[in-house]
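Multiple structures follow.
One chain, chain A, links the two complexes that follow: it is found with chain B in the first and with chain C in the second.
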Partner chain A sequence: MYNYRVSGLSVISEMELPGAIGIANGDAPDVTVRFGRVPQQLSAPSASGPAWQREGDTILLCVPRLARFLITGGKSIVVELEDAATARDASGFVLGSSLGILLHQRGALVLHGAAVARDGRGIVICGHSGAGKSTLAAALCRIGCSFVTDDICAVSMNTSHEPIVLPDGRQLKLWEQSIRSLELGHRQGDAVRETFEKYFVAPDITVSEPPRLSAIYLLSESQPPFAEGIEALALPDAVRMLEHEAYRPGLRRQLNSTSQMLAQVAATLRYVRVFRLTRPLGFERIAATVDAVMQHWQEL
Partner chain B sequence: MTVTLDTMLRRDAGIYYAAIGSEGVMLNVNAGLYHGLNDVGVRIWELLETPQTAAQIRDRLVDEFEVERQVCQAAVLDFVGELLERGIILAGP
Partner chain C sequence: MANLAAGSPADINGLGAHFGLASSRDDFEAATLLDSGLLSHDDIDGLRSPVYEHRKRERPEESASSRSCARKLCGWSGRVMSWLDQADIPDHLVPYGNLKSGPVTYFTRALAFAGRQASTAIEQAVRDANFSQLRRREREVGFAERQPGAAPFFRSGRVGAWREILNPEQRTRIEDAHAAVMDRLGYAPG
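This part shows the complex of A and B:
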């Protein structure tokens, strides 16, 4: 058995989860991951999407030619591998989609984004796949920020009801081109999946305490109508954006009611503002973007 | 429809609302639209938890805010007219 802490949850797993950071054997795990029989279909699904079905508090996730995952009650993930697949291939989907769904089941606000922290304050960087979230997070870590989470960003509340970002206990995932441009080659680890050219990079510093969330930046490319710069979103736009940037928003709508979602987002926006960060895509200008973000963040 | 001071107004059940600081955000799920409210808008939305007329809303606001009755009345009629147009509130008993 393996023990990990991921997104604030203690996980006990029959499957090794490469990229997750191990912890000592805990007493009562929040989440169990085990191998077992997983049906091809649920008997009476109330909703379904291209790769998933829902019945009550259970989600069945099917990744063709790889594995099926049964995620139940925010507590349990059961994995059945397809014939040719390896546990290593499937592990990415345990730490990715399965855990994202499980966090939704637990009622957390789960954003699709990367987060970094400095002096106990954190920022989340959102944007569509390929927008450069991980790259900007890695560049911020190069100048002394600590890494909090990549990809799945769970926001929870501390005892004073302030939003905090839960470290996913994982390593940063970066595309090969980003690794070369940031000169992180010496820290490049194993390929995330053999077919993908995205690698785990061990961050310089990871956080142990969840930082307070101080701002959320939505990455956008500087093309008309957006000029370069950082601008605050009006409240309704910020709410809409946070709903849109949820991890797998279609599935989330199945798992959390509209009023739950709005309550989560509102609780976050009482303390946190959302900004649109518009900058040119590409690595030439990353230093300028990093400077702009650091200055903006420090002045908040 | 035109709103008059005596038009009975009530919330549409398809509207979700959350307060954020002194402001508020409404989600109209039918239209998929988000709307923001300032502090006075928030107060009007709160008052509409109980169906009431524009005149009743005006009277409450005149009590609670420093505003002239005529100015308040015009603003309330404007505002509830807009809420009606956007399907956020309904008119009639």
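This part shows the complex of A and C:
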């Protein structure tokens, strides 16, 4: 059995979860991950999509030719591998999609983003899939920031009711082109999935404690007439942005009420400012983006 | 479409183009709940049709979206035939020349295919989409979908203008490579 802490939860798992933060075997875990029988379909689903079904507090996730995952009550993930599939290939869907769904089942505020920290203060970088969140986070880690999350970004409150970002692992996940452009080849680990050109990359520093969240940056692309720069979002836009940048927002709306989400967002925005970071694409421009973000963040 | 929906000329940079292409990763992931970065091309292709159907059920008034899932590039002929020769998704072909010669007629037919009623507003929407207007607007404020450093996106709008831009060898290469599909669609060789 393997023991991990992921997004603030203690996890005991029959499956090794590469990239997750290992911990000593402790008290009763928050979440169990085990192998077992998972049905092809739920008996009376109340909602469904191309690769999933939902019935009550259970969600069935089906990854073609790989595995089925049964995520229940925010506490349990059961995995059944398809023939010839490996646990290693399925692990990415445990730490990613399944965990994100489970966190929503627990009513957490979960953003789809990468997060880094410095001196106990963290920032989250949100944006479209493929926008460059992980690459920017990796570039910030390269100049001394500590790695916090690269995908599932759970925001919770500390004992002083200040928002904190909960780490989701020890490693970034970057495409080969990003690794080459950032000259992180010496940090490259295994592929996230067999034959894929996306790899685990170990940052120099990871956080030892969840940092306090100070700002959220929404990545945008600068093309005329949208100019480069960092602009603060007005409160209504910030609220709307956080709702939109939630991990799988459609599922979140199904599982958690709007009033609950708004309460979480309001509590977060008491301490956190939200900005649109508009920057040109291209690896050759990333150093300038890193400088802009660091200068802006330090002045907050 | 944007002109018709707004009832006035739409901003060419305010069309939500970041949510416009059919291969959006965000939409794919929202529909499937799966991380597209961990799926093979074949897996994504296999789920594309169910994703379209799901999107149509959930948001019938919207078109498709942005940051792309990987897809096969087949060249112009392959891309056209991959649509025309499939039976999973209903399609309606509108040759650019038809749209140019009879914009109201052919736009109305396209809207009817998409389940939208014809209306007198179509004529004004078509007038507001006139190519010279789009070209002028791009000169004034830029166009977000144009690649940095590239020539203007809205070039001439004339049917067959590509033959004037390309040299004879380039024209021949294109016509040789795509003769079968061009013939099927009624494009006469230059």
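Please note the rule applied: the second predicted complex is superposed on the first by the 296 of 300 C-alpha atoms of A that agree within 3 Å, B and C clash if a C-alpha of one lies under 4 Å from a C-alpha of the other, contacts with A are read in each partner's own complex, and residues count from 1 in each chain.
Quick note on the criterion: a residue touches a chain if its C-beta (ideal position, glycine included) is under 8 Å from a C-beta of that chain, and two chains touch if they have at least 3 such contacts.
On a predicted model such as this, the values are computed, not experimentally measured, just so you know.
Asks: Touching A:Tyr2 in the superposition: chain B (first), chain C (second), both, neither?
Replies: neither
Asks: Touching A:Phe93 in the superposition: chain B (first), chain C (second), both, neither?
Replies: Only chain C; A:Phe93 stays clear of chain B.
Asks: Just checking: does A:Ser259 make contact with chain B only, chain C only, both, or neither of them? Give me first, second, both or neither.
Replies: Touch status of A:Ser259: first partner only.
Asks: Just to be sure I read the superposition right, which of the two partners does A:Arg240 touch: chain B = first, chain C = second, or both, or neither?
Replies: A:Arg240: touches chain B, not chain C.
Asks: Count the residues of chain A touched by chain B and by chain C, then name the partner with the higher count.
Replies: C
Asks: A:Phe35 contacts which: chain B (first), chain C (second), both, neither?
Replies: neither
Asks: Going by the contact rule set out at the top, does A:Arg65 touch chain B (first), chain C (second), both, or neither?
Replies: Touch partner of A:Arg65: chain C, not chain B.
Asks: Where on chain A do the contacts with chain B and the contacts with chain C coincide?
Replies: none
Asks: Please name which positions on chain B make contact with chain A in the complex.
Replies: For this pair, the touching residues of chain B are 16-21, 23, 25, 27, 29, 34-36.
Asks: So in the complex, which bits of chain C are touching chain A?
Replies: By the definition above, chain C touches chain A via 13, 18, 25-26, 29-40, 43, 46-47, 50-51, 53-54, 58, 66-68, 141-146, 148.
Asks: Considering only the defined contacts, which chain A positions touch chain C in the complex?
Replies: Residue positions touching the partner: 49-52, 59, 61, 63-65, 92-93, 96-97, 101, 128-131, 151, 173, 192-193, 195-196, 198, 221, 223-226, 248-251, 280.
Asks: Tell me, which parts of chain A touch chain B in their complex?
Replies: It comes out as residues 234-237, 239-240, 258-259, 262-263, 265-266, 269-270.
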